[in-house]
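Each of the two complexes below includes chain A, the first together with chain B, the second together with chain C.
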Partner chain A sequence: MHITRRNFFRFMGAAGASVAVRPPSVHAWQSQAPPDPFGCLVDLTRCVGCRKCEEACAKVNDLPEPERVNCQCTIFEKDRRPDDTSYTVINRYYTGTVDVFDKPVPTYAKVQCMHCQDPACVSACIVGALTKDDTGAVHYDVSKCIGCRYCMVACPFEIPAYEYYDPITPRVMKCTFCQERISKKGGLPGCAGICPTEALTFGRRQTLLGVARKRLKENPGSYIQHIYGEKEVGGTSWMYLSSVPFEEVNLPLLPDTPSPKLSETIQHSLFSYLWSPVLLFGVLGACMARFNRGNDQKQNNADKGGA
Partner chain B sequence: MMIKKIVCLVGLIPLLAGVCTARAWQATDQERARERAKEVVPFVKEYQDDCQISRRICLMDAGVSLDDVKEVYFLLDSPIIKEREDHYEPVRFAHKRHAALVNDCSKCHHFRPRDENALETTRCSACHQDSFNPDHPERIGLKAAYHQQCMECHQQEAKGPVDCTGCHLKHVPDHKELVKLPDNPDPIQVTKACLECHDTQGEDMLKTAHWLWRGPSPYTTGHRKDILHGKGTTALNNF
Partner chain C sequence: MEHKAGPMNRPLWTPGVLVMLVFMFAGALAIIARFTGGIGYVTNLTNARPWGIWVGIDVATGVALAAGGFTTAALAHIFGRHYYEPVTRPALLTAVLGYTFVVLGLLVDIGRSWAIWKPMFHWNLNSVLFEVAMCVMIYLTVLYIEFVPIVAEQFKGRVNLPGLLSKLNNLVDKVLQVADRILGKVMWIFIILGVVLSCMHQSSLGSLMLVAPTKLHPLWYTPLLPLLFLTSAIAVGYPMVVFETTLATASFRLNSEMHILAPLTRITIYLLGIYMLLKLGDMLVRGTWVYLLDGTYQTNAFIVEVLFGVMLPWAMLLCKTIRHSSKGLFTAAALVVGGVVMNRINVFIVGYRSPLSENGYFPAPSEILVTLGLIAALMFIYRVVVTYLPVLQESKEVS
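Showing the complex of A and B:
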């Protein structure tokens, strides 16, 4: 088919109009968060660094026993991260506070998947292996995973780990929120069940927010007046209370907008009604047609000159 | 037939006697504490939300003194905690001794039931029962109540254990069965036997001041004037 200059502009005009009149719902990004998820409130002022949560986590998830489980003498000297053999770790931070005996006071901080309300990993997963379910858990389905590791790049907390040592059936490893256990009535995640001081409080996220606000109100001097995870990246199922600044215990400063909001808005507006590929190929087609016409004229001129 | 039966019964007597005497002797207060630990009292839903000072005044007004401490000794072994997990031996708690040392009942008996007829002091397990009760989300469970109360005070007072094994006895296996040592073993053989299983603890020890100390030891009898004296340098058993 021969595309004339006029035809091309006519076509592009129609395409542009269809983009302009498309329904506004395509533009507006909507949160996919479950209505009443479970959550866990981590109170760093209560944590004593016993690492029983690490031990219990490994036990209920069939992971190898954590390093030096009964000995806390030297384990805290290195900064650890959850990896393919552990879903959660406790780190120790000295932030400069001293007790009445001038001894530095340690702050222990638990690290695990935060189970975001609008998880970046779920948005980034191209095969739907990661899903946010009604319990609030970000669930990983190994049978769908193709091992692209986009989730690892997308996660704002850098949580998912990968079994690099296994070339045949590697898995992405991250905290499961003990999804099977908490789905049952009265079930607790392994870590929250074992915690001796209730530094981990398990319950419905809304209830926990109430508990956290009450704690902040009743002990104004003991806490930083902020619930980490209430609004960070659109809210997370795991939330933290602390007496020291959150950045100092390796909880990154993050915006309140959900991570997938920007990327999904861009993606959905670019690909709605396929207008951007249509535009792209239209432009390419026009260039080609023009280029060919020029060539034809040259050819004609050359033919004439040769004759 | 009859004779046979009698012979059988007579034969049983020393056996039964043996069973009776084999049962270890138990202290009466230990037995009592054990029985008491098994009790589960009804849950107190409503409590009087006083501050600690008014609570203390209340207790003083009520005339609660050391003589009112009826239960001297407790075993903390509640089925409320054991229902979820059971890893440790019961914790022994000297109630009266704590009361005498602290001399302020309101430190532990920090609230009272709202019910007017209730006693001024209540058991921990009356208000603190199962963790994460959705009806009382702000109320901590019994296990957390024990740990927070004990550890916080021990830390503040710099007195009493704050580590796990300070209060909890673990089920430690009898090492006579596990370790085979020659007769009259020398220190090196003993340490070797320990390190066979406890190698991580051995490595950790090498990073402690106990091993790394390179300075004077003015409190070590017989080595007061030594300038360099640490386990890693001059001590006899430094292997």
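Showing the complex of A and C:
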């Protein structure tokens, strides 16, 4: 290693200067959520499992028609997940509640992307193909995507699906919140627009929270006193009301901390302005100068190519 | 010089090499299938389980086991322990090949292989994966630069290209001479840079799972993950050198390098000790030991990982007689390597919990063939390179 003192200090001087000019400022983590996003309130006590939303979603998003679109019975025998051909599905759950004739009462639950306020998928995406815009929609830009599927690893709701059988140009598939439609004035998502029982209410997230609180207050007996999605992983644009425990209808128990908080905090405190790599470079350079001093001549031949 | 690296000049086509070729061929078929039928056609990956062995083994484990490159470079070149120089070359070669195959593995795994360049232009500074990708990309370049002098040493002054290309002999020779001269002056920059980049992405590989707090088993999910990945990568560096040097010297019937390997692993006692302390301390502080006896396969995987991959080899290395017996040393080193392999597999595969769907994942046969094929190809190229380039120590007498 021809690390002469002069070379070394010149180099370190430059490195030091770059650190001095832009001191590593480590901000506390801040939510990037848009100020007044849209949302959608799903009231499971109102859903009758007609699957009209599945049909409408497929139509407005140019997806294939849902499996057995008119079936409202045997289709529910298996638990389904949104996949690469459907952005939303309805599942049926028997949670033990019975009606006056002792017949078990089903609960139907819609599944789609929750459009988290601080989405793990957006934070994770290597190229920023996923973004959360002002409408609240988490948008996927296929032209940037490289198909690493890190978004799928990150999502706490297990939502993004992948076109695993496309060898060259597979896409990540997930509910778009009908971004184009809701960006227009008065526009509704396909699913919320068609729901015959008003189980799906579209609106500003703030307004919906008010609606939800009102329902909880006016009918305390028919609801679990919790708005799912108000605080889960920092809040989501889609929120749920239910009369049965949320875990039993496949809405997972989640912490209130936004998923990306820890990883982003660690990344930024370590690497903002690359201060730690530059520092490490300096320390190692100093070690190298110190431990190899006087060795230069002796080591010349040995080090050639001994890298 | 007492130590002199030289080409092996042995016949290349041994039975072992033929076995490698068989695996490479099978892997190639599976890769063709992947690029005609899609990832779903050859793997058991699902929407609930987006990462399998191609990420867990080919990428994460590959990066960890290539750590011998930067740990030996740091020791011999930065901390001035020139005594260890003979092992830096094979370790560098492992790193060059290891990272090359990490990238090849990634090309197979990502859905849009042709788009792999996009992260260079679309940055997401929040994404841990982005940082890992950048570091790996730059580090791979640095590794190739560090390797140039070895090529130069062999061919300088005797470039002899076949046929028509022979007109270029002079030119190529000149390029080699110039490259070698310039590199000799600036190599120190690349050596330090290599260590810095390694520290960055070895730790960040651990940060990858931090974005999914609910999806990794608490025995592994800890804010310390990046530190654990870094310390384990540093700890596995020298054992990996012992592991492969022992295999290489045995297979080429060279003198074993015990006089270097034994003191090298004395350092490992400290490095592995640090990792062990962090890992056990983390478990105690977060109270995750409560899971230890619940009997699930994840917990058992954790116990095996820590007992046989960390504590047992550490205890073995403490013992001087084991360190100085080549069998004992090899066993201990293999255990450390195995422990780190298990750790990476556990973090990315075994400990991963899909929150809503059934959790079962076992790689499909064709998925395994791709991984085996890539490993076989790596070993094959290693063999070719040490046969023709001065990487391993020339033996003084051949038995």
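Criterion: the second predicted complex is superposed on the first by the 249 of 307 C-alpha atoms of A that agree within 3 Å, B and C clash if a C-alpha of one lies under 4 Å from a C-alpha of the other, contacts with A are read in each partner's own complex, and residues count from 1 in each chain.
In this section, contacts are C-beta pairs under 8 Å (C-beta built on N, C-alpha and C of every residue); 3 or more make two chains touch, one makes a residue touch a chain.
As the structure is a prediction and not an experimental result, all values here were calculated from the model.
Contacts of A:I227 after superposition: neither chain B nor chain C is touched.
After overlaying the two complexes on the shared chain, residue contacts for A:A58 are found with neither chain B nor chain C.
By the touch criterion defined above, A:A124 reaches chain C but does not reach chain B.
In the superposed model, A:M288 lies in contact with chain C only, and not with chain B. Looking at the shared chain after the overlay, A:M114 reaches neither chain B nor chain C. More residues of chain A are in touch with C than with the other of chain B and chain C. Contact with chain B, but none with chain C, is seen for A:G193 once the two complexes are overlaid on the shared chain. Judged by the touch definition given at the top, the superposed model places A:C47 against neither chain B nor chain C. Chain A residues in contact with chain B (one complex) as well as with chain C (other complex) do not exist.
Of all residues in chain A, those touching chain C in their complex are 1-3, 11, 81, 83-84, 120, 122-129, 144-150, 152-158, 160-170, 250, 252, 254-255, 257, 259-260, 262-264, 266-268, 271, 277, 280-281, 284-285, 287-288, 291-292, 295, 299, 301-307. The residues of chain C lying in touch with chain A in their complex are 1, 34-41, 43, 45-48, 50-51, 73-74, 76-80, 82, 85, 88-89, 92, 109-116, 118-119, 122-131, 133, 146-147, 149-150, 152-153, 180, 184-193, 195-197, 199-200, 204, 207-215, 223, 226, 352, 354-357.
Taken together, the chain A residues at the contact with chain B in this complex read 46, 48, 50, 68, 71, 73-74, 99, 101, 188, 192-198, 201-204, 207-208, 210-211, 214-215.
Residues 84-85, 131-132, 134, 137-138, 140-141, 143-144, 147-148, 151, 155, 158, 162, 164, 200-201, 204, 207-208 of chain B touch chain A in their complex.
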